[in-house]
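Each of the two complexes below includes subunit A, the first together with subunit B, the second together with subunit C.
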Partner chain A sequence: MADAGARHWSAYREFWRLNFLTLMEYKVNFFIWLAFTIVYHGVALGAIWIMMSRFPSMNGWHWQQVFFLYALYMLGHTLNNTFFFTIGEVPDLVREGRFDRLLVRPLDPLFQVLSQPGQIWPDELVIALIVFILAQGAVHLQWSSSTVVLLVLATLGGAYIDFAIQLIIATLSFWVVRLDALRWVVMSLENDFTRYPLSIYNRAVRIMLAYVFPFAFMNYFPATVLLHKSAEVGYTFNPQLGWLTPVVGAVWFAAAYSFWRLGLNKYQGTGS
Partner chain B sequence: MNLAPYAEFAKRAFSREATYRAEVFTRVGSVLLRVFLLSTLWTALYRNNGAKQGISLESMITYATLALLLDLIYGVNGAYVIRQKIREGSIAIDFMRPISVPLYVFADTVGQTGFALVQIVPALVLSFPLLGLMHAHVGGPSGGIAALGFVASVALGFLLNFLIDLIMATATFWTMEIFGIQIMVQFISSLLSGSLVPLYFFPNGLQKIAFALPFAGLYNAPLSIYIGKWQGRDIALGLGEQALWLALIWFAAMAFWRRGERRVVVQGG
Partner chain C sequence: MAAAINMIIQASHLTKQFKSVRRKEGVLGTLATLFSHDYEFKDAVTDVSFDLEPGELVGYIGPNGAGKSTTIKMLTGILVPTSGHCTVNGIVPWQDRQANGRGIGVVFGQRTQLYWDLPLVESFRLLKAIYGVSQASYDRHLKKFSELLGLDEFMRTPVRQLSLGQRMRGDFAAAMMHEPAVVFLDEPTIGLDVVAKEAIRNFIASVNKERGTTFILTTHDLNDVEKLCARIILIDHGRKLYDGSIDAIKKRYGPNRLLTADFLTDAAGVDIRMPGVAVLERDGQRIRLEFERERVRADELIVALSRQADLKDVTIAEPELETIIRQIYERGLDRSGPAPQ
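Moving on to the complex of A and B:
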């Protein structure tokens, strides 16, 4: 067991070393992707700014707070992107038959999916930190030890929520060939609907974002704790709910991982 | 020039897409989910702030729903196959064939778009009861001329979209790393075309810039005609502007393509 752990650890270190060497080799590529990341989040923030300039009332949240909401989302999301990004390649691996290669090697298949050397750098995480520093200044966040603990838990839990949903979609590819449309809609649910406070939506959307695809735990619920939004117009929930993000992350990840094992067994069982 | 082979290419692309039946369900389902989500978003924003820029909530929901249906058409990126062909080198074989590669790719795109159009029908029909649940609905076009203008404008938008995709794919002749640039342009376009937020809601300065760019011809032009934001002379002017951009971009795309082609021929791939 300890042996398997050591084997995985050394493979993982090698993975990051290769990523770093790829970065040094393909510098232009790195800058293109860096520009892409900046444009991507710039467009999202631009859309929020445009909307807030025309529709300034978001159920009592002003633009600084909506900006903070996005920054908090970015932390968990980019942490997920940095460490678990390649999970999105599973449908391609399965379709093209390359997934079988992972099954004959003496390392865990999910681990192998997550450690395919490529063009992965923590640049997006760095951008997220910069945006967060600006956003916490804009809302005059009150720092205390509990603020730090909550932020760390929300970021880690948020990354696991994000990863769990991606893992479930990836697992579906063992049954369904083309998943682009589904991936696209979940991505849009995540990107477009975490931008505004959950309390502006109707009940069906709130339930979906809080308890089915729990993206609201990535930013909205922790933000209500951090910004002391204890009473939201037309939406009542326990004001300490934001502390539950790591629990939600753990539960959803456990469920997603069980589903993944199930899919893996089915895949190996039929030998397809 | 014999166009019969190209008609056949289009038909084949249509049949090829039609084999992915399961994807039709997920795609239509995803459009419906987005229709639902966006209409709740706009309803909430209007309830909190009232109507803006003379666009009623009903017009806004119509706008958002049609924009999602247009996504199905514009989402077909037929030119993307060029990137693969250049990467694998099979483009050299295509050059030896007695066909025009851009025209072949266009025919393929037409076929794929034909199949996308087929999916629009169930998506639209199913969105009626869905919006009905929220006491909202998709309004009809603001008149007969608006209906015709809308169809013409979507046709121009389709061509414009194809040429933009073609230009991006052509860049593969110089660099393999177009994927990042391509999605970058897509994201900028998603904002500046009015597909997410109508350009009328943009702050003044930015609005002027967005109206002047070709991206506005993709969503803003057809949808402005449909919801009656443009009428009479404005429709003619809007269509004229789309056509002008189309001519310019067509010219640029063809010139760019010829340079790329020459690169392969001269260097021998």
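Moving on to the complex of A and C:
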């Protein structure tokens, strides 16, 4: 067992080394991606700013606080993108028969999916940290040890919520060969609905974002704790829900991982 | 447990049935498929059993869709059989995939395991980490493989720039990096030129001889099989048709040899009436005969021919494995040759 652990660890280090070499091999492509990432988040923040300049506040949230909401989402989301991004390749791996290779190697298949060398680099995570530093200044976040603990838990838990949803979608490709559409639908739902306070949405959307695709635990609930917000207009909830993000992340990941194991057993390959 | 039975691969009654929803045509049909419970079953492999001793080099052959790849996928742990059982290195492959993975090597001729964007050597380094190969063994293997496969000249070249032959040689080295006891080769020489095929065959033969590595080779190229394997397993429609030596299948199902005789004069008047001999073709000064190897002695036939006209040249050819196997596929095993003794 110790041996298996050592092999996983050294393979993972090798994976990051290969990522770096790939990045050097395709520098231009990397800088285009980097520029795109900056523009993408810049546009999203610009849209929030335009929206918020029309209204002084949104259900009691000022533009600085909505900016903070986005920054908090970015932390969990980009942490997921840095370490778990290649889960989105599972449908291609299955369709092209490359998944077979992962089953004949002495490593966990999910681990191997997540350590497929590519152009992965924590650049987006760095951008998220910069945005967050600006955002916490804008809302004059009061730092204490519990703030730090909550932020770390929300970021880790948030990444796992994000990953769990992607893992479930990826697992479906063991039954339905082509499902990239679903992935994009869920990703844009996530992007669009996490930008504003949950309380502005109607009940159905709130239930969906809290319990079905629990993206609200990535930023909204932790933000209400950090910004000392309690009962919002037309929406009541326990103000301590923000501490539950890691629990929600763990539960969703556990469910998603069981589903993944089930899918692995059903795997039939692409043909004879 | 493994000591009692010395077989490195044991497959007994392996059966794989694929279940899929019966598809309908058109847009509406496709929509209906989503809600359909109308399944169709396809028997890919049915009741296949065989044992392999350590160090054997076996050709596993059959036409397209015969179930070769499905069998390989069960033996490598990729697929779980519908019924039946197998062990490889004493492990049930699909039950303990990680333990199984350490003892086997797999080459899929159509799919590389090399990392496309970076120099070949980087893929080897990744595999070294994955299999926990020590630095000393890694250096030794790399030196050995470079000699046998000539990897040195393209070790630092990105895999995407390699020719198919170079890439395949790289894939072979990659599959052997952890010294597996059993190696599965699925169409390893497909699309390769003669030189690359020869390099790969020599490599397989040498690893088999020196390390005693067991190989299962599935291929369409029967030249690979004839050059490398003493034993073949033949399957068609998912069932095992034949399991034995190439010599035996030739004796049993290819009992006839071919004789071509060139005369100094026209061969039109030549007529051979011997039991077990048939004239296939006359062409000017040439005549082609088929004769049963068990009944007719070649020297007697040549003497008989030389009595009729002046002989210039004679060649005798063994039946080709490909011809024999094609006959078995077309006519079935029983009608292709004499009944087993």
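As a working rule, the second predicted complex is superposed on the first by the 264 of 272 C-alpha atoms of A that agree within 3 Å, B and C clash if a C-alpha of one lies under 4 Å from a C-alpha of the other, contacts with A are read in each partner's own complex, and residues count from 1 in each chain.
Just so it is clear, a contact is a pair of C-beta atoms (placed from the backbone, for glycine too) under 8 Å apart; a residue touches a chain by one contact, two chains touch by 3 or more.
Note that this is a predicted model, so its numbers are computed, not measured.
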| message | According to the stated criteria, A:Asn29 is in contact with first (subunit B), second (subunit C), both, or neither; which is it? | response | first
| query | Looking at the overlay, what does A:Ile200 touch: subunit B (first), subunit C (second), both, or neither? | reply | first
| query | Does subunit B (first) or subunit C (second) touch A:Ala181, or do both, or does neither? | reply | first
| Of all residues in subunit B, which touch subunit A in the complex? | 20, 22-23, 26-27, 29-30, 33-34, 36-37, 40-41, 43-45, 48-49, 52-53, 134, 177, 180-181, 183-184, 187-188, 190-191, 196-197, 201-203, 206
| Complex contacts: residues of subunit A adjacent to subunit B | 28-29, 32-33, 35-36, 39-40, 43, 46-47, 50-51, 53-59, 176-182, 184-185, 188-189, 192-193, 196, 200-202, 204-205
| Residue ranges of subunit A touching subunit C (in the complex, touch as defined) | 3-4, 6-7, 10-11, 13-15, 18, 21-22, 25-26, 96-98, 100-101, 103-109, 117, 265, 267-269, 272
| field | Of subunit C, residues touching subunit A in the complex | value | 18, 44, 65, 67, 69-70, 73, 76-80, 97-102, 104, 106, 108, 111, 113, 115, 117-118, 122, 125-126, 129-132, 158
